[in-house]
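Take a look at the structures listed below.
In the two assemblies presented below, subunit A is common to both, partnered first by subunit B and then by subunit C.
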Partner chain A sequence: MTTDASPPADLLPDVPPAPALARKAHASQWQLMWWQYRRHKLAMVSSLVLAFIILVAIFCEFLAPFSPNAFTPRYTYAPPQALHFFDRDADGSLVWRPHVNGYKVTIEPTALRRTFVVDESQKYPIGLFVKSDPYVMWGLFTLETKLFGPLKKGDPMYLLGADRLGRDMLSRIIYGTRISMSIGLIGVAMSLVLGIILGGISGYYGGWIDNIIQRVIEFILSLPTTPLWLGLAAAMPNNWPPLRIYLAITIILSLIGWTNLARVIRGRFLSLRTEDFVTAARLDGASEPRIIFRQMAPSFVSHIIAEVSLAIPAMILAETALSFLGLGLQPPIVSWGVLLQEAQNIRSITTAPWLFFPGIAVVIAVLSLNFVGDGLRDAADPYRQ
Partner chain B sequence: MLIFILRRLLWMIPSFFAVSVVAFTIIQLPPGDFVTSYAADLATSGSPADPATLAAMRIRYGLDQPMVFQYFRWVGNALQGDLGMSFEYRTPVTDIIWNRLGMTALVAFCTLMFVWAVAFPIGVYSAVRQYSIGDYIITFLCFLGMATPNFLLALFVMYLSVEYLGYSVGGLFSPDFVNAPWDFARVLDLLKHLWIPVVVLGVAGIASLVRIMRANLLDELGKPYVETGRAKGLPELTLILRYPTRVAMNPFISTVGWILPVLVSGDVIVSSVLSLPTAGPILIQALKTQDMYLGGALIMFQCILVLIGTLLSDILLVWFDPRIRYDN
Partner chain C sequence: MPPTRTVNSMTDRMTREPEPNDIVLEVKNLQTWFDTGRGGVLKAVDGIDLTLRRGRTLCVVGESGSGKSITARSILNIVPKPGRIVGGEILLHGAGPNGAPLNLAALDPKGRQIRAIRGHDIGMIFQEPMSSLSPVHTIGQQIVEAIRLHRPMSKADARARAIEMLAQVKIPRPGQSFDSYPFEFSGGMRQRAMTAMALVCEPKLLIADEPTTALDVTTQAEILDLMKGLQQLHGMALMFITHDMGVVAEIADDVAVMYHGKVVEHGPVNDIFFAPQHPYTKQLLNSVLALEQRSHLAGKSVKANQDDVILDVSNLTMSFGGRQPFFGRKLDGPVKALDGVSFALKRGETLGIVGESGSGKTTLGRCIMRILDPTSGQLIYKGRNAPAVDLAPLSRSAVKPFWRDMRMIFQDPFSSLNPRMTVFQIVAEPLRNHGIESGDELHERVAELLQRVGLPREAMSRYPHAFSGGQRQRIGIARAIALKPQLIVADEATSALDVSLRAQVLDLLLDIGQELDMSYVFISHDIGVIRYMCDRVAVMHRGRIVELGETQSVCDNPQHAYTQSLISAIPKPDPRLRGRTSRIRYISESVS
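Presenting the complex of A and B:
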């Protein structure tokens, strides 16, 4: 008979087993952050959603079944079709055959309005990796295959409906993802540069420079942003090429959006400046850049990443609002805000409620960015507990 | 206290100055000036203006002078109540904006009251019942509210009202009352329409205020004085409302500083969707047609409105919380 020296398991206090503790003690800062982040369930789910959105933005040409500007007047305001995966064969057995149903169009004699009714008898088969009209991928090479679409070129497929000109909403939303997300990312990158320079100077040197920069930040923060954005955007000449308008809008957004980032960076610099390890490095004769990048940066980079991820949604919302009002991006550029311009009047949204879909895309993107930012902020300081 | 108010008032002077510089910059940003657009206007109507007349006009309006001079001329005129001409309406800017700005102030004020009234009890509940099902639902709705652009919400409300109520909810008055003089019936009619923009504008503010209230109150709830109160046998509701909530209220008042800009910003977009007679729709119209004197004046007064609101909230905060030092 063997004797067991340790008491039964249920009498032990609830501490993690020794290997886990040792693992924690030796884990790097980033490893600890990752463990902390993993515990935020919503943030984890949102990261997946966000990854999906970013993939859509990168591969939008390949993923969108049609060109965003391809129009078919015959299908003006065609409602969304349901995607069917199975079909009945002649003998009545179920077979795997993805398809959508066609439309039956009737014209109301009094209102002269066209109404679409889904026609069960018409079936358009759908497949993966279908041939399409040639298109240019990333502006680099020409492709003739789309991820999915109607097997026969020219068959109607409007999974999210069609707009005023019979353009496919799904393809337009997919293309809009690239513009809307990239405006958020580039705009925040620009604000970050401004924020690091001004916030860094403010927090590192202090004194009267700090005072002036802080007053400026307070002043900008106390102003209503939308009228200012609108005012600056209205100054753009109408005849600018789309790419220049795109750049101008990102610059305008970041000119006003840098203040919060600058505040956070300043706060970090201020609190770190007096830390013992910074003083030690200075006494050691380390140069200023070495102190900033080697000693201080590791302890504030994670906080800044968290703040940045919380600043992106604000940029996306701002772009959406500007474009919605017609003072931001202009067609033929397709962004979520530009798409929502179509939903501006009550007539079009009552005839075609699916014009709201780009709005849902905005909400999902902003929501997941917010949750990811929330999770990152919780994980930014793993030594807190 | 009086010295604090005086000092705070003095601070407004550089702020107003900065706002006027911003507004003037926006007016000057589009290429060309007021005479260029006047000339373009004449050219489209078929009788091109004589270059000599245009040059004379430039001299008369001081457009040949350096920018700084033009700025002081504009500010000087503005102080005397002359904000320039609107090209679009062919009337002085001042005739157009006061009514509209008043409506903006009214909508913003009502929304602020609504936001406070709703966010306070929800925030307290969410903190006291932390991690309950109700708290989770509230948290989720708050995130959703912060993620939804308010114009989308406005469109959605419009859509619902047309689809299910059978009438459109735009505007602030029924057709009969649009030009009626102010009386009790008109106020009643206004209230009937006002709640929609107030709710639409308030959602984002409520969402963020609930989060703030919850976080503040959670910080306070763990403190020893709460435990003491509980040990003394105070009823839970009295205890929470009388002590920790009062401490957590402070940031509530100071939020006016950032919520007011958000409301005025939101008003610009929401009111153009709901076609409200506030400053928003004419601002957008002016900016689209580059009617810059009107646009610049509107932007300036919207900013001033916000600055005054912030001033009032600062004074309110000091009056409300004696721990805040007046000097400094």
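Presenting the complex of A and C:
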């Protein structure tokens, strides 16, 4: 706390006025939070990573070089290719010509195992904005251009390798980003609605209704989550279309996810309810909705954003776990969890370790969401020093 | 300067002439800075010099943010991050090799050497006795640990020493108290235990950082007595940090006045009080002395219209804790926070409610405002040209219209303003809710209100964090008077403010009160504030009003034994009165 005890300036000319306050004086809450957030380096880097992941999720059709389900049996378990940017011209000088090398496939006669050897002589040029098979963007219009890919349609390009059916892992991970990220966002959005309503009622009114809601939350939290998910997922009819399964999975996940959010929101309400400024607002003659939305809401919105960003990773992980066990999303929907299903057996570790790339995507997404949430939580209360 | 004062200060210095080799610790040109990020630094301590001598008490006095606590922490090398000692020396005499002075500022803050000094050569007592004692260990365990860290001693010996120390700090039944946990102790007892722990290794220097600020005034007086006694017993140097000039007058031998990280003046206590040199010291003393008498703005006596009662409280009772738990049966009976409180407030009068923590004064204020629902009793409010209404039985929604005439000013200027609204929004809120004005008119009215409380028009677009405590309290006042109320309940409206601001804010309240013909219920623990401001005063103790009368007569000639003890415990900002006033203890209630 600074004092305005300062005697007139002529008394103590040697004391400078507080310089930092001048800029802060007109700053709004959000500006203060932004300044605070910027100081969290890890969160700043993570928000860039996160922004990249979200862009990938939004533009996945355009970014993925191939359709996720396009398969080429010839390239089953093809290893990742190295991307070369320069090539030697006929006269031996370096020229800018991005390309990947082809494979030479041999079959070991004893083990009948196919081995891929890079064939330096075979070069497949690749480029930006290449022609491709027509595809539907966002389910709205048809496009025939991809961001990047082989210049000649049908040339092999497996930057992250290929899977059991010779499908491009990179394209599948890019498509999986959309499903995995959106399931996190939609799931959390649904838990948030439940959490705000029930947590808000619980915290604002208190009394017996608070008691009931809290006991229900404790009951739900006491259930072991994995068997519950499994049970609910197993109860879904087999013949449902993939989209409905997707929706059902998000609902299952958010039915459990809302409890933690409700507790956080209740806590905020409880602590705010006794704040002097809320009492003051009541004495000012403000109505109940006005107190909640004008006085209290701005103080906890920032906290809720932070909590939400910490809840998304849990959703993503839950979906991944369910799909990994084969009870979540089903092919042909591609999510990171569905992709990891392919990496379940020991064989894939030995022959095709690149099948674990979706796991790396999960780790990156979850970590960056956690760091962003961490930074947001620090910034949510710019007055706490 | 009157000759008597010179004599007084002369004799004082004659009797306690310091010897040169008495020096325990010297601080030379100490600088502690805080990095505020982006290359900015806050010079919390900016080149100060202090000398601490054996057997003498140095009071470091200053207002909040002056750097006095950081000075204390720098001496022990426990500056909180991002602060660091950037320059200067802290010389602990006789601690280095061959008895040479040891520079504590140069030691590694986490090293073995400085840890051996903390607690052994220098003890420290903090402001909050609850948070500086471990809640999961007994008092005894904590003291024994402090002993055994620095002295090789068997557990049994350490226990005996700890009990001896507890007896020294006058904790009753030290043998049993050894096994008590901090939560079983009252605030004063905890501070005694903390003192015992700090002194158990007989440090050469004891640093006490606002040790009595969190305590009630009667407890504070006991602790000050204790510290004086212990200093005589052990002969250590005492560095006592405080913001209260009354405490300084009570305990100091020397005084260092801090302002914005610098010591602006230091010298023997009498010189500081009677011949201050620096303008800041003069200003500080003036604001302290201003609160020693009645404000020139307050009316000479009780207002003329004796019969016009605005608020008649009779037999008001409020109990807490009647709620049935979800499982099981109720264990404790309800706590009576208010127990049959009755008084009548006249129109235009300022009634002070004074009491220590837990006396029920805040509950009373909140019951009058009907923020809390009283259990029984009557609250008869009679507005101007309106019939008298009993507020106590009304429902929440039926009370709402009365909140236009009855307003409240809160204690904490930080939590009572919504940090996410601009000053305009905050002050306009009551006007808007009562549909009084809107648009440009509203803007004009808010600007007017801000000007009335001494804030510029530009303040409207800013957020509360841009203002200091005193300015925030002015914003709170502007909000309270926006609806031209008839009654204001001010709950510790100036307690969170520095002393130099208190008189200003009180004058503002008095001025506005006369302008709008308002009545105040003024709740405070500080008798100085009450005397400055109030026409009559009610003294509360354990939920009852034990004495009610005109301020002057209650302050000068208290009748009830509790009031007598309360008044006698208040430290007077005059070192000449030290030891001459006799304290009256109110025995029947000292349970701890």
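Simple rule for what comes next: the second predicted complex is superposed on the first by the 365 of 385 C-alpha atoms of A that agree within 3 Å, B and C clash if a C-alpha of one lies under 4 Å from a C-alpha of the other, contacts with A are read in each partner's own complex, and residues count from 1 in each chain.
Simple rule for what comes next: contacts are C-beta pairs under 8 Å (C-beta built on N, C-alpha and C of every residue); 3 or more make two chains touch, one makes a residue touch a chain.
All figures in this text were calculated on a predicted structure; none of them were measured in a lab.
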Review point. After superposition on the shared chain, which partner residues are touched by A:Met44: those of subunit B (first), subunit C (second), both, or neither?
Key: neither
Could you look at A:Ala280 and tell me whether it touches subunit B, subunit C, both or neither (first, second, both, neither)? second
Q. Can A:Leu221 be said to touch subunit B (first), subunit C (second), both, or neither?
A. first
Considering only touches as defined above, state whether A:Ala70 meets subunit B (first), subunit C (second), both or neither.
neither
In the superposed arrangement, does A:Ile256 touch subunit B (first), subunit C (second), both or neither?
-> neither
Go through the superposed model and pick first if A:Pro298 touches only subunit B, second if only subunit C, both, or neither. second
Subunit A contact set shared between subunit B and subunit C covers none
Contacts from subunit A onto subunit B in the complex sit at residues 219, 221-228, 230-235, 237, 313, 317, 320-321, 324-327, 340, 343-344, 346, 349-350, 353, 356, 359, 362-363, 366-367, 370-371
Subunit B residues touching subunit A in their complex are 15, 18-19, 22-23, 26, 29-31, 143-144, 146-149, 151-152, 155-156, 158-159, 162-163, 168, 170, 257-258, 260-262, 264-266, 268-269, 272-273, 283-284, 287-288, 290, 292, 295-296, 298-299, 302-303, 306-307, 310
Note: in the complex, subunit C contacts subunit A through residues 36-37, 40, 63-65, 259-260, 262, 264, 279-280, 283, 326, 369, 371, 400, 403-404, 407-408, 410-412, 414-421, 429-430, 433-434, 461-463, 465-466, 468-471, 476, 479, 498, 500-501
In their shared complex, subunit C is touched by residues of subunit A numbered 1-5, 7, 11-12, 15, 19-21, 24-29, 32, 39, 211, 275-277, 279-287, 290, 294-295, 298-299, 383
